[in-house]
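These notes open a run of structures that come right after.
Each of the next two complexes has chain A plus one other chain: chain B in the first, chain C in the second.
This part shows the complex of A and B:
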């Protein structure tokens, strides 16, 4: 669907390129963006963390010498690494055979490394959202709203370099662009290594910021927790 | 193995839960955003306890009395509203890893093992969580599974096991790391009589071998009377009795159950004792009476009619506890004198 839309957009301009990039670049972006976007989002494990706190199943973790954050991080990363490996076979196959566009396959390892680093941030944000379960009856709506917002901020819907300044710069300094726009942009030649370096820096800044929120929210939540279900 | 004095100590340990009343209907739901009627429930009144190493404490009380709240505080699941507690020298709610490695809590109505994998896999994971030697952990699993007679079930998905079988697996999981302090919250609830007996026998054997400190809550008085060294009765958040089971039975009024079958039922109401009336047509008479009233009541019955059958039984532990707690609950509700 996205490749159709982008083809139509570029064709409608009557030119071979749009925003400085050819039609093939957008098609490659849409193809890779779909996979990077799915890998870089978190619904399932966020819902699981929320449900564990809501139902009191978290008791099983609280009474053991293991951190709830690390426990779910290991599950989340294990699941994502496996699904990344399997699901990326599809776009790799397509871009090597049918749609042999501007994808620079040699850049794939670094693009994946950025995405994997980004997943630590995804988990930290999910953990922060899950801690709301200590304070509110139902928090699933926050997950939905957050993920919808991230669809735009990550660049999954459209490449962020189409956004006018100064918004473009703000968006690129937010860590969320490292889910899709930075790795896919780098992979398809839209971005260079300096953009990747900035992206990595923004991920670490995001980890510090959301990590602090997560730690404070968890401590406050544990003080308030009533041991539901026990 | 456990040679601590006062493994568990609490000083005025208190827990208050703040909830709110929500009236039905959508308008009241919306109104709840700006106006809420909060309710303060004192789940545990200031409680001071000392429990020595190796003691087995039976904690008994009605639903909502505060038993599980006390367990949750001592295991670190929740923070107190006031007071202090030390378990093995640690404040439980600080949840330090060294503390968590030495305690275990078994919640009778909740699974703590992983639902979709066989218990053997769960125990491997637990061994890593508790930093146990892999080989020792496997030997420990085998040892416990043999005691519980469930070795053949270790490689079956947990979800496919019956409730009694799952409880056995939960027990193995909770004892894998040889905890010094064990909190058992209704471990036999919902189990059939055979499973209850099996688990009771296992716990009795385990306690003899390992001598952990145990706090056990149960609504089944057989669990309490057969396993506990010490009895704590809790009512409306307060400990109302702290002593041994035999001392408790001796301290309450000695009650017996009298059952008599009359040859000639009376044709009109007959008074047997103050407040005790034999209704017309009653063929089988049953009453629980203080032991001192059995003989006079029996004499009155024999004056009314010859007896075809007669049975005098000791009131059982469960009935005695029930009456004691009912009386305490009434006294607390009316502000009357409380047993000490």
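This part shows the complex of A and C:
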């Protein structure tokens, strides 16, 4: 559906290229972007963490010899690695057969590595949102707001190089572009290795920032929380 | 008819009381919606940074299109969304039993039992946006044409409801139909872009078999261009037909429903 819409948009402008890239580049971007975007988002496990805290069933995890963060990180990463492997077979097949466009398949391992590294950040942010359940009655709205906002910051809706300056530079320095724009841009030839290096650096900076928030919020939440025999 | 209006008013009032109990949740939801509106608008703001026109649509006319889309969407979210999103669950758990024994149309109750009156705030904001977008058009607006929205927006809403209802009601046959909802979301994306940008076959589809073009594209075109009465009649016809089909499908699907207690 995404590829159809982008193909229609680029064709309907009546120009040979759009934003400096041909139609095929957008089709490849939309195709890969849909898969990278899906994998780089977290709805299910964030909802589960929120529910665990809301209902008090977090007690069951607190007494285990593993932290709540690690417990859900292992589940989240296991699920995402499996879905990445399986779901990527579809765009690989399409780009090798039907839409033999600008995809550089040799770049796929590095693009996947960036995405996997980014997943650690995704989980850390989800964990931070979930800790709000210690303080508020209903926090599902935060998940919705965050994930909708991220669709634009990741480049899932459109390639971030279409955004005018200075917003483009700001968006590229934020770690969220490593979900879709950086790996897909690298995979489809829009970006080079130096952009990937900058992306990895921004992920580590994001991890440090959100990791700190998560740790502080968790400690404050645990102090406030009182488990009741659930 | 009076009975249904009374029931609707009572349900709406009860939902309003429940909704405003959680004020922070209301604010967060409003923020989430505003973010969604901004993301959708940003797509076109960015695209029109690189071109003056997309299939005859300019940035100014697209803003009007988006305003109408948001208006239909807000009405949809206020009235039906919660009910149809959870319909599959309700059917699987046997919650439908209680509705079927009530002396009221089961489709009506299934579709309108839980509403979200907080969306009145969204509707006010979007109306403001739409008026602003209309004043930004290079050509002066023929304000009397806006009366057409009183027909086309309800038509767009009915079409959205009916198609979505068909997807949700398939749970009567398949029992678990959560994944079919994802199919709906993907189809709905077709309504979020002006129909004229699509290739001929797809445009034909969104104006006939899957009439999502009537959700926002046709209402926008009717007020931006010289009104086409055929298109207006087609919108009314598509809405009536899709509502009729949804009703028939519901009755057909109920034959497959095995209650929780059986």
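Keep in mind that, in the parts below, the second predicted complex is superposed on the first by the 227 of 230 C-alpha atoms of A that agree within 3 Å, B and C clash if a C-alpha of one lies under 4 Å from a C-alpha of the other, contacts with A are read in each partner's own complex, and residues count from 1 in each chain.
By our rule, a contact is a pair of C-beta atoms (placed from the backbone, for glycine too) under 8 Å apart; a residue touches a chain by one contact, two chains touch by 3 or more.
Since the structure is predicted, the reported quantities are computational estimates derived from the model, not experimental observations.
Among chain B and chain C, the chain that touches a larger number of residues in chain A is C.
Applying the stated contact rule after C-alpha superposition, one finds that A:65 touches chain B and leaves chain C untouched.
Applying the stated contact rule after C-alpha superposition, one finds that A:136 touches chain C and leaves chain B untouched.
In the overlay built on the shared chain, the residue A:223 is in contact with chain B alone; chain C does not reach it.
Within the superposed three-chain model, A:145 lies in touch with chain C and out of touch with chain B [touch as defined at top]. Once the two complexes are overlaid on the shared chain, A:113 sits clear of chain B and of chain C alike. Of the two partner chains, chain B is the only one that A:57 touches; chain C does not reach it. Of the two partner chains, chain C is the only one that A:9 touches; chain B does not reach it.
When the shared chain is aligned, no partner comes close enough to touch A:96: not chain B, not chain C. Of the two partner chains placed by the overlay, only chain C lies in contact with A:158; chain B stays clear of it. Chain A residues in contact with chain B (one complex) as well as with chain C (other complex) do not exist.
Within the complex, the chain A residues that touch chain C are 1-2, 4-5, 8-9, 11-13, 15, 18-19, 136-139, 141-142, 144-145, 148-149, 151-152, 157-158, 162-164.
Residue ranges on chain B touching chain A, taken from their complex, read 17, 68-69, 71-72, 75-79, 93, 95, 97-98, 100-101, 103-105, 107, 110-112, 126, 129-131, 185.
Per the touch definition, chain A reaches chain B in the complex via residues 56-57, 59-60, 62-66, 222-223, 225-227, 229-230.
Across the complex, chain A is touched by residues 22, 24-25, 28-29, 31-32, 35-36, 38-39, 42-43, 46-47, 49-51, 53-55, 186-187, 189-190, 193, 196-199, 202 of chain C.
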